[in-house]
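Common to both upcoming complexes is chain A, partnered first by chain B, then by chain C.
Let's turn to the complex of A and B:
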């Protein structure tokens, strides 16, 4: 068996995949006319793209047995700096600007995310402060900084070419936003599953001391993992900017928790050392499918967080009892 | 006996007001198992840490083949062919035995994929299986996470990892402490096999029968100093215990 197939079968991934298929089947059986349509599929995918990109970075962080609460705020910060830079380059309103401006905006978004990720990484790995505290700090600070820059209001003036190209454009019927998220996810999955960088990520989460003794540069690796999460949050900020055509300073307070929930639902262990990007994809779509399904079937949508909570707690409980059984040997 | 492979002279190491090593010396020759014994707090672990690059002594010198060396880090020690098996299992429980064996030294695929850091899992697994077979480590599968193996098998993998990469000397800090009878014998077999390949093995142990069974020489630490040296074939448990407790001491050890 290949290593990918082996990981799929051994982790909770297979079960989570079956749960997801089961949900789609149930909703599909209840309302086949509304659920199994191209439109429903497209909108579900688009609405999940931004969260998926955040969750890919979060997967790496959680596998090192860390956590990153700051991703939603970094997303906001990156969107604000990117939109404001694009506006500044075009006399205050970038609506009519061209691709050159868009590329500068992308670079600014990625760099903004990288800066916060680097700060998180240095504080966690160099200063040895627990990741929960570090990223709780940057969760507040990045949002505050974004709101300071934008005077607390949303930033509009997003170039039309960006909105029409990346935001709502399609390529053979597949939304460009989805294509970008899929590409990021595929690269993230390959790097984690097949490369030395990925192997060291697992090793550090599994036993940091053992990794250090094996000669792995643990400090540098952790900085790079948080940096990666930051850059992906920056990219997610740029994607949200393209889709909504505005850099919103509100509405991202729970992005971090949604990303963590998706990652953990996908079989990645909060204790570190175990997990996969493939699992995260499945985990991110469970809440999305539940929400969409409840709306279509006509269940009160407030049931969705409750249903997600149940699945989440069950998934973690399952992970814990599996570990306990193993460690008793 | 010829030139010592590794020699430590007058090492001093203090942690705050605690003097862990007070001028400790130590000698190991190629092709021998030397047991390092001493009561709790005698400084065995600190000495091994200083000689494997985990800690740096405050003063004193370390010589390899008669040449002074600086062991700034475990990596520096490893580059000189010195490996360590730690008392607390230094393995990643979520990775499989092959991944653990190659941890920090992963093989990459040949060609462009390797430039991106893509690992050659197949080759690593093949070589790992070969090494385990050579060392007599039997695992029912090289595909499961190491955490799912028994304590003895886990320790065998940890021992194998150090042995495979060492070219000169292996430190083993209580390698059999957590093991059953059969597994203990297996690890000791590995120890003998490594010695027969011409490497030096430094065995830290509390278990006197084990020390007498497997070692060629014994060096005794007490209160941070070397207090006695014995040739195993000409000593007894009573003598060793006497040296450990201070009832017996040798001049110029």
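Let's turn to the complex of A and C:
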């Protein structure tokens, strides 16, 4: 049974992967000189790295049949606390600071994310409040807290070594941000696919009560899943800091929806119990490739959001109807 | 129905004072009370943004000089759903005048009309309603002129070079940035060496701005200039150009002059900024409000100047830099 489920999941992933390849092929055929270049590949990967890290955490949460609307706000909060700590350690401007400061900044970002994730997890698992409401609350509260700390303005003064090292640096032509995101994704995929932690995540999403009766510590596990999503949002905040060289307090309103869209597009069920990190990777890249391709090919600006929406809904509809056909057989 | 109830109903229906008082259908917020004429409230578009903070500085200074008590109430985000409860809250307080930057040119018309109907003088600052009957005066920058100024500045920066130019807009339907983009488009047509490749919307998200800049670079390798119509598009554009290794080679013209943008101008990430004059908008708004309260003539539309800042002349124009606090 599990092997069948696994085969189904991988087949879904295959189909979404084909959609992605198809899109690249269409854009590549229209403008081969601009689409099929190292430059476009590099920039597309870099621009999707932050969202990918958010989406890995979101995949776990959605597989438990939960949702985390707070990731974008936690990203902002972590970026703000991290940047402000680094500035405070260097007399108000960390631009010239060294790697020591950067590491402290990273720790602060991860801890900030962990704090919000833990709060989400405790409220969902222990207090039994629906995740939609809990994370809608922390969506507002984390953004508000970030704005309170930063006085509502973007925080600058990001160390140059961070911006040049992680933000724009490359390793044999591969941007460092992409390497970091790839490492996080690989670990996320392995943990979900091969460990007990991963199996428990699926079990809780399939049937929480059954999992509890089978002796799984559901409460503790859910707390850890939201904690993971929070920590990854904190890491994403740090990556965004390196990438934009500023902690932006206004620019991440729709990150949560983008992450959810990527996860669902990648074949993870909003009802829980089904999904994969590999699917999420493909799901996150489809909108990114569409947006980029439309600009390169020169699609009318008003058509772009409509076309992105159409492809999103069509891809999920196609996936659903195919799954239904399988189940009937 | 008992005779007693009927009598009460009849008395209510016939009561001339009640009929005169309500005139049939009422509106929320109609309840009486007189205005505290010596008080003035500023409702910016969003809390603690350097642009609005600078406006607040000008507002506080001018209102204090005119002997008014002041209050500032800002929504957490630039959204009519968040600004409306603030307006109705201020309405209960009945100040003499309200200076407001409406966050939506239609949705804010209802709440702002309630202010007007309560006898409060309404002055629009920065943004304005489509309905021009609500406010006594509108003070704003001429955003179209700002866009034209951006095109001229870009042409100067480029010199004799030729290439494509791109405009990064925020969301479709944002009146201020649409006007900036429109002004730019009109003016850039006068320079045959600049090929306008159109505008891209970014949902006001820096990551989308970055992605659209690099996509445009891929499609038009001769890109020579980018006009980013606000702070977030500017930050995203700078990130995109940095990733492409084209910082400085592609001239980036930003809008507004918040501290981070000024720093970017100084360090060469941005080549020019089109700065508004928010402090003067705030001061002028107070002048118009005072005139309206005192029954003196009011200018219906006041437009304040914009200025182009480049690295060469920025220090001489430091009074145009936006402030984080007064």
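Everything that follows uses one rule, which is that the second predicted complex is superposed on the first by the 295 of 329 C-alpha atoms of A that agree within 3 Å, B and C clash if a C-alpha of one lies under 4 Å from a C-alpha of the other, contacts with A are read in each partner's own complex, and residues count from 1 in each chain.
Simple rule for what comes next: a residue touches a chain if its C-beta (ideal position, glycine included) is under 8 Å from a C-beta of that chain, and two chains touch if they have at least 3 such contacts.
Since we're looking at a predicted model, the values are computed, not measured.
Legend: residue contacts after superposition of the two complexes on their common chain; A:301 is shown touching chain C, with no touch to chain B.
Of the two partner chains placed by the overlay, only chain C lies in contact with A:39; chain B stays clear of it. Looking at the shared chain after the overlay, A:153 reaches chain C, while chain B stays out of its contact range.
Of the two partner chains, chain B is the only one that A:213 touches; chain C does not reach it.
Which of chain B and chain C touches more residues of chain A: that partner is C. In the superposition on chain A, contact is made by A:205 with chain B only, not with chain C. Once the two complexes are laid over each other on the shared chain, residue contacts for A:196 go to chain B alone; chain C is not touched. Once the two complexes are overlaid on the shared chain, A:245 sits against chain C while remaining clear of chain B.
Interface of chain A with chain B (complex): residues 1, 3, 6, 191, 194-197, 199, 202-203, 205-207, 209-211, 213-216, 273-274, 326-327, 329.
Across the complex, chain A is touched by residues 54, 74-75, 78, 84, 86, 89-95, 99, 103-106, 108, 116-119, 121, 143, 145, 147-151 of chain B. Interface of chain A with chain C (complex): residues 31, 34-35, 37, 39-40, 42-44, 46-47, 50-51, 143-144, 147, 151-154, 156, 167-168, 175, 243-246, 248, 250-254, 288, 291-293, 295-298, 301-302, 304.
The touching residues of chain C, when paired with chain A in their complex, are 46-50, 76-77, 172, 198-201, 203-208, 210-212, 214-219, 231-232, 235-236, 239-240, 242-244, 258-260, 263, 324-325.
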